[in-house]
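Chains: A, B, C and D, in written order; residue numbering restarts at 1 for each.
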Amino acid sequence: MSVQDLRIGVIGVGMMGADHAERVVNRVAGARLVAVADPDTARADQLAASFDGVRSIGDPLALVADPEVDAVIIASPGFVHEEQVLACLEHGKYALCEKPLTMDSESSLRLVEAEAKGGRPLVQVGFMRRFDPEYAQLKAMLDSGQFGRTLLLHNTHRNATVPDTFRSEMIVRDSLVHEVDVARFVFGEEIVEITVLAGTPTGVAAEGVLDPQVSLFRMAGGGLVTSEVFVNCRVGYEVRCEAVAERGTVVAGQNSTGIYSTVADERGGYWGGQVPPDFRVRFARAYDLEVQAWVDASRRGEVVGPTSWDGYAATAVCTAGMESLATGLPVKVDLADRATVLGGAAR
Amino acid sequence: MSVQDLRIGVIGVGMMGADHAERVVNRVAGARLVAVADPDTARADQLAASFDGVRSIGDPLALVADPEVDAVIIASPGFVHEEQVLACLEHGKYALCEKPLTMDSESSLRLVEAEAKGGRPLVQVGFMRRFDPEYAQLKAMLDSGQFGRTLLLHNTHRNATVPDTFRSEMIVRDSLVHEVDVARFVFGEEIVEITVLAGTPTGVAAEGVLDPQVSLFRMAGGGLVTSEVFVNCRVGYEVRCEAVAERGTVVAGQNSTGIYSTVADERGGYWGGQVPPDFRVRFARAYDLEVQAWVDASRRGEVVGPTSWDGYAATAVCTAGMESLATGLPVKVDLADRATVLGGAAR
Amino acid sequence: MSVQDLRIGVIGVGMMGADHAERVVNRVAGARLVAVADPDTARADQLAASFDGVRSIGDPLALVADPEVDAVIIASPGFVHEEQVLACLEHGKYALCEKPLTMDSESSLRLVEAEAKGGRPLVQVGFMRRFDPEYAQLKAMLDSGQFGRTLLLHNTHRNATVPDTFRSEMIVRDSLVHEVDVARFVFGEEIVEITVLAGTPTGVAAEGVLDPQVSLFRMAGGGLVTSEVFVNCRVGYEVRCEAVAERGTVVAGQNSTGIYSTVADERGGYWGGQVPPDFRVRFARAYDLEVQAWVDASRRGEVVGPTSWDGYAATAVCTAGMESLATGLPVKVDLADRATVLGGAAR
Amino acid sequence: MSVQDLRIGVIGVGMMGADHAERVVNRVAGARLVAVADPDTARADQLAASFDGVRSIGDPLALVADPEVDAVIIASPGFVHEEQVLACLEHGKYALCEKPLTMDSESSLRLVEAEAKGGRPLVQVGFMRRFDPEYAQLKAMLDSGQFGRTLLLHNTHRNATVPDTFRSEMIVRDSLVHEVDVARFVFGEEIVEITVLAGTPTGVAAEGVLDPQVSLFRMAGGGLVTSEVFVNCRVGYEVRCEAVAERGTVVAGQNSTGIYSTVADERGGYWGGQVPPDFRVRFARAYDLEVQAWVDASRRGEVVGPTSWDGYAATAVCTAGMESLATGLPVKVDLADRATVLGGAAR
């Protein structure tokens, strides 16, 4: 057999990592799960045992170094991403790193520089929305030129609920970061300024958490982006994006999709459908397509999808956003010069 | 003042009649409610007293004859329509007669003939859907020619619930009659054959009532029409029409309209909106437009909207439909020759 | 007849005034159009002649003073509103004044004070959206308490096109003013701060006009409101409002409403419907309901709907908004103390 | 490695077979495409060469017999299905056979009997709609019991266009067959009677083809099913199903789904989205899920999804349907006794 399956290791066996492991085994072509690694070895052992022929490795860095592993999915907590991605770069392994790339923009920039120095692209960041068929189609429609120049973007990002440990700043760094990537993806430009505002918070969330938040981005080319992030909205996972261009608009993620029913309760009769309960349901297809595309590209020796630069830029915008949330004022985004950093490796 | 308001009398003070009386007083221009009549004089007195300057007249035929009454809304039970419409013809009063025109096609035909003999159109039948903005637009779009020839029509007609006295045949005569008129209106042709079928009835209705029913019309020009009528659907009042033409389709009354919300209950989060509880809500605007158009036409000395012939033809189709419901077989519609009946008065 | 029709005069015979005149004649119960007035007497004569028994009066103030006129619809340009409304107050005539109430907040405040001094409410301002069935239902649903506290409001306001004379500031004063009123209506609170931002303008509009604009309101109670106003969007008139509350959301004006069709062109097959071409189509029903409610209330000796205070407050917010548009910074709204101004007349 | 990939051969390299081959290679986990077979060996060679390590085998029956092939996808024309499925049964190979199972009910029944005799289920028929997430969810919602008993089903099945060789009977056998399977799937019952009616045909299709067609099924339990099949509708591929139950309805495949846009052309502004151009787009996900489920089941030694009995029953209904199309009358479905045929193998 001339083309070998890509042998994959997964670091981190929490919800996201276990999900990816199951995806590789059950729904991805051309790949083989060979190892999982987690400091919580009991949990890693248990996950490995649920599949055939998958090893559990205690040390994530050992997994990266393992000669039987061709490529690594990094689904560990963000604060250990830096060393794990660096290890991948060192061993020449393809890495699909969940967002955020790292916890602050300095460390993210170091990764970009390390990869550029290696001269060979190896890192993809897990901004899965780019693989969602609706977001991809929105982008394609705007890029077709039929709508003229894109002027505005309105994002809605709602979660039914989050743990009490999910604090105000995390709404920027872990939730809004997706809208940051979407804005950069749709406009194909950097964000130069961000304002994050909070009004009276919902009473149906942990005390002291500023939720919902409304933010405004200014794009390098003059476009404006509004985003609502509301992580305790109680209803479900609603993620929507409306692009406004000179000659029309495009909407992805409108709720009124898919199957619907009519039913009656004691108050009357209703038509409608279910709001997805969480991101795994809403973006199930996007995750499948993301991992398949990553596997396919890795086997061809390429990287597609969001790069380490995208990961770095998103982190830089969120850093500015967290500052704005504290002050209520617009904050300029501090971003390295791309051409300088990437040099000949600029993609 | 050169143009006088149209002085209107309403016969029948049940739900429909009271509704029309209130409409004339509160939402119609160029008209004045002057009298109401009902054998139940107490109820008529009460309704009259709720307005200024409205008389209660015991005898409906006296109302018709009253010199202060220019035009009559007939909202009495169907079995007294014949004599009341005849009285209007005799006294030269404009009549807006609720459907059905009469209870059988012979008596309806007699009214058509009497009006034709008088040489002056005076009767409009209360098929209000023709005045619903969506049905009117559907008709206009199909008539524009852009879709080519209309081939099929699919109707849905659901009521939340009906009284236990509403039996299987009434589903044809009082409910399906609207789809009969819609089919004739949209195609601009007569119905030549009707089949009415019942499957296993819902268990959530009166014992022995064949509900829902599915019917099929063949149009004179070869078009086919399917209709579901389900009068105990529990959910609400859903009335929808999909026209299928050679180069596209047009849908009126789709549920997913208007305001909607997202909410959560113990089972999850939902998006959607309310199904109208009954026909008065769903067709509120259609009734207003119907009565306003009737008032305007009457003041100009004209009749617009469904005519006595439309009322007769609908009754003839329903008569055949009730026969089909009993036998399960297609039944040809027995219709007089229009040109012969209407003679020079054919409109 | 114990209750007389309300005798109405219309000032201003431009598009809006002619529309209202036609509405009073053809679709409103209990009212009679008796006079129209416009400095352009030829145009006023022409409009008057198109109806029976309607006089054309050259001087708008003479119309107000005319003893045959009970109530006045003011549809003249904004800069003459002050003296016309004052004349109504002086002669004790009910006035329905199109927005804006006046061109600046000082003059609006003078009207509020004059009316309060008269001790009798006479003025309604033409914020018709409050009468749109969807906006009214949105308000009612939020007020029902089932959704908890309202936290955010997102408005969309798009016109297909405007004349080249419609400049950047007018987008605030003449367009955004509707969102200002909607925000005050939905929250039942004043707006305390406004930011109006413009990005790169569309290339498909008059040179130098800052269009689209994105604005942010802070409500007195801590709610946040975003509004997009885009008056050269090319597509049509789209007006939408999404309220976000603690336990759900409510959306009014979603595009995907009403009749729709499927058709094919050379690029493929599409489903969808028409975006209303302009506000007269979109808010036809709202205008009818607004004027009918005003007539009904006037006949009862009351004022319902938006008051002169609502007109003043909206003007004050827009004044701050135009300042913000120039500076790009948040501007506090300078508003008189309501209780002081209205005194015992506070409603 | 303890679990081997399923080694798959594909028979027939037309549009459907090539599609399946590409699917197995690129989007299915746990499978390996090893061979393709087609009498048109040049075309088979070309397809094989586009993948790594795939052989082209001239004789389909040789492919079935090949020891390196574990399972076979049969995408050849219907008239050779019988011998190819029989070969699979003989060699104990799992088969996913595209619909129709065979061209007439006698031969389909022979396959059911042969498989039953073998005592081991091996055959799945390619009714992919059962794997479409919306159809699957509709089924699950109805089966949950919350809606009460299912009473009616309304199907819509439209293709933009078909080749001129696609004649009236093929609309029943190749198109309506999907609605036949959907009705049996949703109700979990056999169809006992079918009527297929044609009205005036569209003028935008091949001369003499009776298109569109409206059909009516009576289910064994008394339910009624209407289906529109219109294979030259010009617009696109619209497949929809509305189930009507005692306490509500469920709709799958409603057009108004997914991404949408607003745009203007010379006639006005529109909102809406694209109708899928063909079944490969509309059911892309369903085909992926179907083949993945078949691979997974085959590796476990099971058959899931539509069985040979389902294929036989659908053929029997379509045979009756073609007779009805010719006569215009209801035709009873002639079906073998399931328990007798399947004996102990009844699933």
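Note that in this section contacts are C-beta pairs under 8 Å (C-beta built on N, C-alpha and C of every residue); 3 or more make two chains touch, one makes a residue touch a chain.
Only a predicted model underlies this, so the values are computations on that prediction, with no experimental measurement involved.
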Pair joined by the larger number of C-beta contacts - B-D, C-D: B-D
Label of the chain whose CA centroid is most distant from the centroid of subunit C: D
Interchain centroid distance [CA atoms averaged], subunit B/subunit D, Å: 43
Geometric centre distance via CA averages, subunit C-subunit B, whole Å: 37
Distance from the mean Cα position of subunit D to that of subunit C, given in whole angstrom: 56
Junction residues of subunit A - those touching two or more other chains: 234-235, 247-249, 254, 256, 260, 262-264
Partner subunit D, residues of subunit C touching it in the complex: 160, 234-236, 238, 255-256, 260, 262-264, 268-275, 277
Touching residues (chain side subunit D, partner subunit A) in the complex: 1-3, 24-31, 52-53, 133-134, 137-138, 141, 146-147, 247-252, 254, 256-264, 285, 292, 296
Interfacial residue positions of subunit A with respect to subunit C in the complex: 148-149, 151-152, 154, 197, 199-204, 212, 214, 216, 218-219, 221-224, 226, 228, 230, 233-235, 244, 246-249, 254, 256
